[in-house]
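Some structures are shown below for you to check.
Shared chain: subunit A. Partners: subunit B in the first complex, subunit C in the second.
For the complex of A and B:
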């Protein structure tokens, strides 16, 4: 939520202490090391269901939400089409690669189909972004939502490429060096590697000149234009970077489920990505992953939980919606904002300057 | 209008030629060559009428949306939920009392009440924070959608058309000439025409209310600069509540209309939200005539598209939006 004008003040303290944190802030944070090592040895702890359905799904959704976080948090543009870009990449993997629908799929090997899908999805997202940057603020939400919805209805109607509402099934997953990379453990590591790569890339971008310029554009586009920066070009470039991240997540998603259908690119799913990012917090790259974990846990266990306390198990979306409303109402920075506020109230004045900036969990 | 012609003579000429061509296509008896090329005239006329009447429905939904946006800068993404809510209320009323007219009145009142509650309880707290309001409306639309799914289930509902509106009427438009030389006239469902006429009446009434009454003057002033308006002593919160009630109520009416000539089911809320978004983006944010023009264009594009290029109908709608954004980002009839 830091993208609104009124909350801009909250972003400033974090920027002010940046010189102290040059380099990678994670190196000095014991919590980050603990999380990283837990994630690395996860296959030893969790069985197949938890590994894939919970953790890999969390990382995939988190990466999609990360691309939104990059746009919303650093560039001030809330795009609802990140899932659409991911879905487009997923469709392209299915169309160019091998799948059960032989009349549609071109049957390229995965190492050709995936770069093609990534490139096309990035182009798609960049074009959408170029359209969206012609307007500002809330208009961006509307236009990107319209793009997302149009894509959903288009996939539903088009049978030649997208195979209508049945979608494309049994998409082949990569097999090489004698390893089935869709088997639980290798797939988990692929997802983890991609998620970590995207996470650190976004964190790097946020401190690179490009990212700093973006944050300048977010805070005062007119001043940045006066300084000689091409505001719109930076925004479109941000869309391009975010699209690439979303496309990576989309490729992983199609490998995860082995199928893609209009249901996976529906408007509700587009909004879920926004919910994930906002619930987690869109000021830091870790936020989307926390949000995704909460979302996936809720989605998986809310049914059992609701039934256990004697309510209708189908009201999971109600729970999500109410939780989202509560977060938007009471915390402008999602769960990490709440966590930070709690820590600050625990530790008065003395530690506030040093410990406030990072909220790793 | 004359200013537009003076400033863009080429565009004005293109528009006039397009209108003339459209009128000729509608009124003239098609020569055989044309029928061979693009099919029967009856199909074309039906698509045009469906498009225009669908445009009327879109206008009802989008005008409330654009009114609320224009005054309060609040992109109400829960507008589709209000539409569906109005539809369900209308269905319940017409099923229990059998009165179609009553269902409009009750649906208007109840959705307007929901709108008032939303404005008083939720949006007043976060005035001026556009993005936060939009996020809240997204959350609300999820909650509403699930509550309505809970209450009404996933079935399709259709509101019963009253007896006096059932059946087609003959319009004085010739679709073909029989071999005996006898003209064949177009037959079209009466209910759709009545609903279209009603939406035109509502649109004109809204335009008059906005441009000829004191209240409308206040609302227009609020669209231009609400801070100065508040400073002149107008009780702007009351105006906000009224406009929100009107906008929400219109969505409710549109729900009953949509429930009568289409059907109500979960997912329709998103469809009509998308429609009003596109209509408003094309027509221009916050402009009632813009909403009318946008609704007409989108309705026609959707229906003609689904007749002549079935797989790509949605793309046509979308392309229109892209072209408008590329040429005139603020929308066709927006003032800025």
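For the complex of A and C:
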């Protein structure tokens, strides 16, 4: 008896919040306001290293993982090529724009090179998606991984466009209105603005017909067809939108490092995006950003930590791997799943203290 | 242009649903053999038959979930044999599933809203429905019609079985259905819920015809005007409900066969 009752108590608060989802849940959430304020005044708190190496990098990786979250969390398709699409956009910025490799770069101004890169990367990702939607489950993963691996080896071996294994270096970053937009503080705000835009766009679209149909496709594609939906068209459209988001992150990434080389689009890096999304949680758009923060913090500080306890610092991936194992073992919906369960376990206790706990049912 | 001409000719064609020589093979197994059925617009018909008689395969061929191996299917005169399911649905065909095929991660309201959206424009819209969205209102009305207004904001995964069956019917009634295929809508329902189901079916507008697969004769024979009896993938007998019920061969095969 008590077991059934407990599950009901756990379920109710989530249900009660549902109507708020139709609007903007963040508006009623003080924690969201605090996070937004901290992110906005971050340049006052953090030095250049933290601002770029930790927070800007987190937001860029988080946006790449957000594109995977859109595909996996809403449409039920796990794509391992999101980093490849971002890397493709990064290469295109370097190829069409200005770089130290004058024999390759066409020297277009950034405001021409960036839209070109976004358009080409979106087309690239959409075509890959059109291939991938013909398959289900593990075969989707295999096709997208094959596209990622093929792109990695292609960039390694192609010298005419991708400059082989050395990649393209000293990529120019935008300067206008007298501002160097790659200087730490302006660049942080650009990254924050793009990440916020993508985050809110995904959040908004999840309740619009486009996002709802994807969730329908995830839950039951056959029924979606029996309701009048062309399921594959919706899947390809999801790839198109996710590709655009990944491409935006790719443009920011090439501006961040000012170079792009095959090492940035390796198969390992493709899998990192999956790890980030899964560790953070793919049920909500905030998950990828949380996953990215954990990943970047581990990548940056695990080295010092491991040296301190007498291990080889290069083993930071061991920590990431162990963390990944722990997450998939204990919480299949990532850190946000852990957080939600913790909140729910706190809630009945709080209600009991207030004496109004049973009022819900 | 061709389809416009076909649709014009459909006006005179008369039949809502016309199957000619439909056969469906699964490997060497013939699930349907040479099935020919004509159903008038607004006609309400039961399809009876024991398990494996090919009833659900018949539905899958009509909706295109599995296309027929041979034969033709016309829907209001238009040859839809090679249409994908969504094209048939957009022309006014609807179906329900024997095992509820819902969207468990979404709320009741969103399930019905998706059904309304599927047969209208704006399926890819990036704009959230506003307060006065016509489809939202249509979804609200449907939710009320199947008595689910009290749970409309609950995720479908939390609904009781009977409520899921009611939602299953709501999804099939979205938009402007012209013909509905009900696949055992009463499966697993309590006697009270069966009564509600009969009320929902009998209160459908007269122009909406349907075919219902139903083992419960109390339900089936109260909501239909004609009966098709299937056996081993073939049409075995067609007639009025009372004819079929009193037919000795049918009783031998099905009614008296110890089937519950």
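Quick notes on this one:
By definition in this document, the second predicted complex is superposed on the first by the 329 of 361 C-alpha atoms of A that agree within 3 Å, B and C clash if a C-alpha of one lies under 4 Å from a C-alpha of the other, contacts with A are read in each partner's own complex, and residues count from 1 in each chain.
The working rule: contacts are C-beta pairs under 8 Å (C-beta built on N, C-alpha and C of every residue); 3 or more make two chains touch, one makes a residue touch a chain.
Predicted, not measured: the structure shown is a model, and the values here were computed from it.
With subunit A as the common reference, subunit B sits beside subunit C without any clash. Touch criterion met: A:205 reaches subunit C, while subunit B stays clear of it. Once the two complexes are overlaid on the shared chain, A:315 sits against subunit B while remaining clear of subunit C. Once the two structures are overlaid, the count of subunit A residues touched is higher for B than for its counterpart among subunit B and subunit C.
By the document's definition of touching, of the two partners only subunit C reaches A:237; subunit B does not. Judged by the touch definition given at the top, the superposed model places A:226 against subunit C, while subunit B stays out of reach.
Nearest C-alpha atoms belonging to subunit B and subunit C sit 11 Å apart in the superposition, given in whole angstrom. Within the complex formed with subunit C, the residues of subunit A that make contact are 11, 15, 18-19, 22, 204-205, 207-210, 212-213, 215-216, 218-220, 222-231, 234, 237.
Residue ranges of subunit C in contact with subunit A, taken from their complex: 63, 65, 84-86, 89-90, 94-95, 97, 101-107, 110, 113-115, 117-119, 122-129, 153-155, 158, 171, 174-175. Remark: subunit B residues 73, 75, 77, 128-132, 134-136, 138-140, 142-143, 145-147, 150, 270, 274, 277-278, 280-281, 285, 310-315, 317-318, 321-322, 325-326, 329 touch subunit A in the complex. Put simply, subunit A touches subunit B in their complex at residues 1, 3-6, 78, 131, 134-135, 137-139, 141-143, 145-147, 149-150, 153-154, 157-160, 267-268, 271, 274-275, 278, 312, 314-315, 317-318, 320-322, 324-325, 328-329, 332.
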